[in-house]
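Both complexes below contain chain A, partnered by chain B and then by chain C.
Then we have the complex of A and B:
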């Protein structure tokens, strides 16, 4: 470690400073981003970009809350590690689930959904199995 | 005279605060994963029924979500200001800021209740109770199932969070915490910020897609 001071002491120092102005700046930034994400959902964007833009803004807002309101910016060590680990599991859980769904063959998807057989397609007589 | 906040199994208050904060972060990480499960379900059905989800999202009033986002973000700010006062040892002002935050939380829930009653009237309900005539596509009722699950679970967290804020706020106003030891104020704030953090992701996914 570059810093020889113990973690508990570091945290103790960091959390005993007042952060009044910093909170005001973060609050204004959050309000601006909220209005921006609303405005972005009203303008026309090519398919798929709406979700990407909305999620990017949400990640930026979430980062502001986690880093400054929740003081991850000031803290060191284990607390940051726990949060980052939980984010890694979020990515795994959602990423692998989407991959699974994106690579299914048509019969595995419910009728009427994307990637399913066309309507009536599954109702045809099943092929005769050899006796 | 008040009892020392230091529990007998800790060497000093610094180590106790560190352990308390660490425990809170572990709990918050498990909360994140609880909501992630619902977001994963949302991702699956949004992928399978993207058109129905887009139409169902347009069928609900965006301004409810927008106003509630602003309310929650602002309440997070007032909670942070409360901690700011606790750091300086002004317990009374901490109590005041937490009271303002609880008022915002009540405003949030009130608006949510109005919104829910609107859904009930329209028949925008989950599963077989879905009777919204303007949108009859496969997957539409699934959107509302997830809508009620996600916003309902979030609402429960709002109720828990505002209860914690109220209890800690009253204790702070009574001078239970000092500039040297105010970890409960910090942990109550952490929980509330997480409730805000989750809503920051709920808002675009439910209202804006």
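Then we have the complex of A and C:
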């Protein structure tokens, strides 16, 4: 049987106890992470590590927003489960697609990409194919 | 029922959602009543079905002869793109979930409306807006990419792709909002007595569909935006000349579009689960298996997209993985098929029009599903890929199964929606023509594909001529059948005999209220003490003749 109490009411009860201080702390954390993003772009890193670092920071910021500003932290099991499920499907999309690139016949990958032949590096011109 | 006493004569519910609170155009356009929104979706989707069908007939007429018949090659390319876009985005995806789902889900849960009525109306207007934008793009320029918009062709073609992409993008939001509404409604608005094990099977399947709509549709939106961005700014995302990867597009596109096949087929299964119980007077065989296999299909449907990429340059390893994963869909579908047929066993079958469509559905689902298992086998797909075999396969599974279920639903719930009956005799004539016509159209295409005729081609060698003529002839029978259905349903709207609240003696919860239903669905919140498909009591297992006979031929 369905729960007779409206969900909005429960959400209100759950979030009522969250005091304003938390939002200030999260806001400062987001500002700090933004500065870190900028700083990391000035540091010399090899290969594709810039992208990896930027993505990691972006994920951390996104997580903070979803958890606190969007109240996921205060939610009960079902809503958390739904959110984690959606992350699992994102991982599925990225995972099986990258698996394709990683195991592909090398010439089928675009020059310069991770799965391409080594002589097609990012700093070189694409190889001349026989006409 | 053929009334023997004056008191048995079914009466038309005088105060219903069609005439109250008001009947004017404004009261419809601003309504938040899920039933009216459902009916508007049904009407709009049916119009687009007719438009898409018209394009299909033009394509078949063009293919009547090996060379040019009635149009040039460019027009042909645009036509088959239009056919695909209209049928998929404007008809099959919204028809059953947004149309029948909107009408029926709250009724089946004993609720007064969906959880978010205003979002529901917004969903309808987003649908209309997306349709207008897409149709604008089709009329002014029209795309020639096929409904799949494969890159790099779609980023380099001279035809106008962007408005159609934008239209599909907007339609996606309509789909997401509808799915969200159904999930929340199912979780929070079930009437007392409807535990999860008493949720009607229709709702279970619609629920599974909604999960796919919410999880997969954003990926389509993202992908279409990336194509538009590449078009506008020349970034190398999918174009290999600029360092992009066209296979990446296919990964993104099919991550949505393969589950989208289940957005079309799961609602069909939803309808069939109801119809098979009502017309065999039996409780469903294996309620939990049928209910959970809907979720199973929704889940494994996300793991199979790579089987569209077998010959695209995808790695052999990934192809093998996707080939194996694709087989799992067959397991869950088979569970449903076996349970439906087991439900028929020793049932008291009433061979009415919805049941006829159920029979057609079962054939198309099994035949289309088995050929699907075949084309998901990597080595076989190398031969069949991009031939008419694939065209016939997906028309069987997506169109055959979905249109059968759509027509079954239209007939089964016609008395619920309109309060009137359709002529049963004409109904069966229409069903026979549609089912036979569909077979005559697509079985020749299986043979053509196996002999090597490629899809999307404007002309073909003369050795394929005879089978193409057969296919066009079949399409004509199919079209004629659909016209008959349209005509008698339109006539029945005004002149059909009064149906009464439950002409089928169905046990479905939605039949517990008047037909057409009250504006607020139920006079008071119902309390359920039985399941939705229980025909165990003798009066329900062996009712009086199932449907009112029409008092006059139409």
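We adopt the following convention: the second predicted complex is superposed on the first by the 93 of 131 C-alpha atoms of A that agree within 3 Å, B and C clash if a C-alpha of one lies under 4 Å from a C-alpha of the other, contacts with A are read in each partner's own complex, and residues count from 1 in each chain.
Here, a contact is a pair of C-beta atoms (placed from the backbone, for glycine too) under 8 Å apart; a residue touches a chain by one contact, two chains touch by 3 or more.
Computed from a predicted model, the values in this text were never measured in an experiment.
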Report task. Check the residue A:89 against both partner chains and state whether it touches chain B (first), chain C (second), both, or neither. Result -> both
Report task. Answer with first, second, both or neither: which of chain B and chain C does A:105 touch in the superposed model? Result -> second
Query - Partner touching more residues of chain A, whether chain B or chain C - result: B
Report task. Could you say whether A:32 touches chain B, chain C, both of them, or neither, answering first, second, both or neither? Result -> neither
Query raised in the report: Now for A:41: first (chain B), second (chain C), both, or neither, which partner does it touch?
Result: first
**Report entry** Touching partner for A:58 - first (chain B), second (chain C), both, neither
**Finding:** first
Query raised in the report: What is the contact status of A:97 with respect to chain B (first) and chain C (second): first, second, both, or neither?
Result: both
Requested in this report: Please identify the positions on chain A that touch both chain B and chain C, taking each partner from its own complex.
Outcome: 7, 85-86, 89, 93, 97, 101-102, 109-113
Requested in this report: Enumerate the contact residues on chain A facing chain B in the complex.
Outcome: 7-9, 11-12, 15-20, 23-24, 26-27, 30-31, 34, 37-38, 41, 50-51, 54-55, 57-58, 61-62, 65-66, 69-71, 75, 78-79, 82-83, 85-87, 89-90, 93-94, 97-98, 101-102, 109-116
Report summary line: Listed in rising order, chain B residues that touch chain A in their complex are 14-15, 17-18, 21-22, 25-26, 28-30, 32-33, 36-37, 39-40, 43-44, 47-50, 62, 66, 69-70, 73-74, 76-77, 79-81, 84, 87-88, 137-139, 179, 186, 189-190, 193-194, 196-197, 200-201, 203-205, 207-209
Report task. Please give the residue numbers of chain C that touch chain A in the complex, ascending. Result -> 187-195, 215, 219, 240, 243-245, 247-248, 251-252, 255, 302-303, 306, 309, 313-318, 321-322
Requested in this report: Quick one: which bits of chain A touch chain C in the complex? Just the residue numbers, please.
Outcome: 1-3, 6-7, 85-86, 89, 92-93, 96-97, 99-105, 108-113
